[in-house]
Amino acid sequence: MSDLFQQAANQSEMPFALVEGEPLTVIPQDLYIPPDALLVFLEAFEGPLDLLLYLIKRQNLDILDIPVAVITRQYMEYIHMMQELELELAAEYLVMAAMLAEIKSRMLLPRPVGEDDEDDPRAELIRRLQEYEQFKQATEDLDALPRMERDIFPPQAELPPLEVEIPQPEVSIRDLLLAFRDVVNRAEQFASHHIELEPLSVRERMSLVLQQLKRDGYTEFQAFFKPEEGRMGVVVSFLAILELVKESMIELMQNEPYAPIYVKPKAA
Amino acid sequence: MDSDRLKSLIEALIGAADRPLSVNQLFDLFAGDLEQPGKDDIRKALQELVAETADRGMQIKQVASGFRLQVNPEHAAHVTRLFQQKPPRYSRALLETLALIAYRQPITRGEIEAIRGVSVSSNIIKTLQEREWVRTLGHKDVPGKPSLYGTTAQFLDYFNLKSLNELPTLSEIKDLDRFHPELAFSDDRPPEDPAPADDARAEEALDAPDRREASGQAVDTAGEEPA
Amino acid sequence: MDSDRLKSLIEALIGAADRPLSVNQLFDLFAGDLEQPGKDDIRKALQELVAETADRGMQIKQVASGFRLQVNPEHAAHVTRLFQQKPPRYSRALLETLALIAYRQPITRGEIEAIRGVSVSSNIIKTLQEREWVRTLGHKDVPGKPSLYGTTAQFLDYFNLKSLNELPTLSEIKDLDRFHPELAFSDDRPPEDPAPADDARAEEALDAPDRREASGQAVDTAGEEPA
């Protein structure tokens, strides 16, 4: 009886090959398969689920009705083959082997009456196989879509002569101020470079004084003070000139006491 | 501006651009014109161009990020004769990962691995991100805060799609309990044998020839059941 | 092969090729086809394509070495706009240099380098001078007679300032940044800023009154300080 069942099971498998008209469903023991070829074959699987799906499909079986014992036996044969070939076996394959063994043993236990189907020990495996099969199909569909570089190409069109101008960069005052803050913060890290900041009106006036000297050359001291600017303006001008003298940017000249004072750029 | 001239101008702009152009981008390109077309004029012209060029060798096609001029993919076999270089090939692992991200986004790497049953190499995720097909959408609020991945407009552009809706539909997943488990179950087990059977016996029972018939019935029943 | 399909194929080949294709080259590309078109078929198809596409945005055009796809030159003015580049960005080094010249003028390059701790490239100074934001005020009477740099009226105009006095002091910069990290100074942007009116800007606009107050205060404070 046992032989009979075995035979029937074998017949349900798809044959590997036809030899002299006879379907061959079991690899002959003495058949030599070059290890390289087997390697390619085994590496074609994306993982244990992929291998299981292959084993199921090969026998035209429905995922929903997996004969766990058969599949487990075949699965283990592949695992042994991989181990014998000393292939680096991903841990996931062994985890699946353990899962199959567990399902098989649970299938053998008697079940209390009235138990609902969620307790089918195969349920989780079936769910995973179906889900994987679904995405295996989705991958094939995705691969079949027309895609750039393989099916779709951009035009290689000749352009008419174009005159393109590059605009100037835009700067916001915020960027400018933050840059200033950062550079000062950085400089303050070094004790030797403590930066003293004069009021900006004085620095600005220093520039204006230099500008005026650059334009007019030798200039009378009085010319830098404008009464209409008020006391504040006069103070700012005075501070600016003192600072410029201190920094050796200008020179003050007076021929004799009480004579007019002149200002001239120092490096000129 | 008459509609033929607008169509000609739009075709020139799309043909000269090195990226798909959206209606808004096209609209902006006409800014300052004396006869500036409205967005509706542009949309109408685009619709006509897409329809008119559908069978041409160079077609205007709408993809996710706008409209582009492309060589009609039907002619790919002839067109590839022009090129020496083979198109890049992508591994099945990469495509499976991409498919999972496309259909299941937002999805974590762990979730992808759970479905594929194998680990996903960092290289695959990196390649997908470098191609700008996949990006991180955020982080899942579970321990480790894993990245949540999703696809980009460039992914859709690459696969000639306007939106994710245009992806091929997923095959259906059949419900286990609709298949009347008792039937399939009972003959997976040695019938009327409550004693623990040894391995050999169990295998025999599983391979029993009448099992196929039994499950055939089960399927039939399931087919009627939802009614 | 019917003539419409041949025309479509030829258009695809010409559109995909990165060089003009001659009749002979096209003929060779059909080699091995079941319905291989003759050279006369190809010539006729080309003639029709050239005629049909003459007014289109993308036209098939005969040039010395064969036939090519080209953007209709009549549309050059519009196509130019596609390549109108976004303004480039200035480097951090340039902004720091400009800020130091604004706050510490008249200042030499050596002094800028001493504060920044790194050398200042001649390009930066040149760019700032070409932009007419910075000019030479004179030369410092130290060995080497280095140039003294200061800002210009154009600099003030660009940043919408009446005088340097309107620039906030350093402590104000730090404070404003602390209290309004997002908003500080953003409405001091040059008014001619042609940035697109996107959502972010719309939000900024809503926040404008607050911001104006904040920077108004800053200016007032700055105005009082020299006293």
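Letters A, B and C mark the chains in the order given here, with residues in each chain numbered from 1 onward.
We adopt the following convention: a contact is a pair of C-beta atoms (placed from the backbone, for glycine too) under 8 Å apart; a residue touches a chain by one contact, two chains touch by 3 or more.
Everything numeric here is computed off the predicted structure, so don't read it as measured data.
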{"item": "Most widely separated chain from chain C, with each centre as the mean of CA atoms", "value": "B"}
{"item": "Closest chain to the centre of mass proxy, which here is the mean CA position", "value": "A"}
{"item": "Whole-Å gap between the CA centroids of chain A and chain B", "value": "21"}
{"item": "Whole-Å gap separating chain A and chain C, where each centre is the average of the chain's CA atoms", "value": "26"}
{"item": "Interchain centroid distance [CA atoms averaged], chain B/chain C, Å", "value": "36"}
{"item": "Of all residues in chain B, the ones touching two or more other chains", "value": "15-16, 58, 69, 71, 79"}
{"item": "Of all residues in chain A, the ones touching two or more other chains", "value": "153, 155, 157, 159"}
{"item": "Chain C partner contacts - residues on chain A that touch it in the complex", "value": "153, 155-184, 186-187, 190, 193, 195, 197, 199-204, 206-207, 210-211, 213-214, 232, 235-236, 244, 247-249, 265-268"}
{"item": "Touching residues (chain side chain C, partner chain B) in the complex", "value": "4, 7-17, 29-30, 55-58, 69, 71-72, 75, 78-79, 81-82, 196"}
{"item": "Contacting residues of chain C [partner chain A, same complex]", "value": "15-18, 58, 61, 68-73, 75-76, 79-80, 83-90, 92, 95-96, 98-100, 102-106, 114-117, 131, 137-142, 145, 148, 150-151, 158-160, 163-165, 167-170, 173-174, 177, 184-186, 188-190, 193, 195, 222, 225-227"}
{"item": "Of chain B, residues touching chain A in the complex", "value": "15-16, 18, 58, 68-71, 73, 76, 79, 87-88, 92-93, 95-96, 98-100, 102-103, 115-119, 157-161, 167-168, 170-171, 173-174, 176-177, 179, 181-182, 184-185, 188-189, 194, 196-197, 199-200, 202-209, 211-212, 215, 218-219"}
{"item": "Touch list for chain A against partner chain B, complex", "value": "1-2, 5-6, 8-9, 12, 46-50, 62, 64-65, 67-70, 73, 90, 92, 96, 104, 107-111, 116-118, 120, 123, 126-128, 130-139, 141-143, 145-155, 157, 159"}
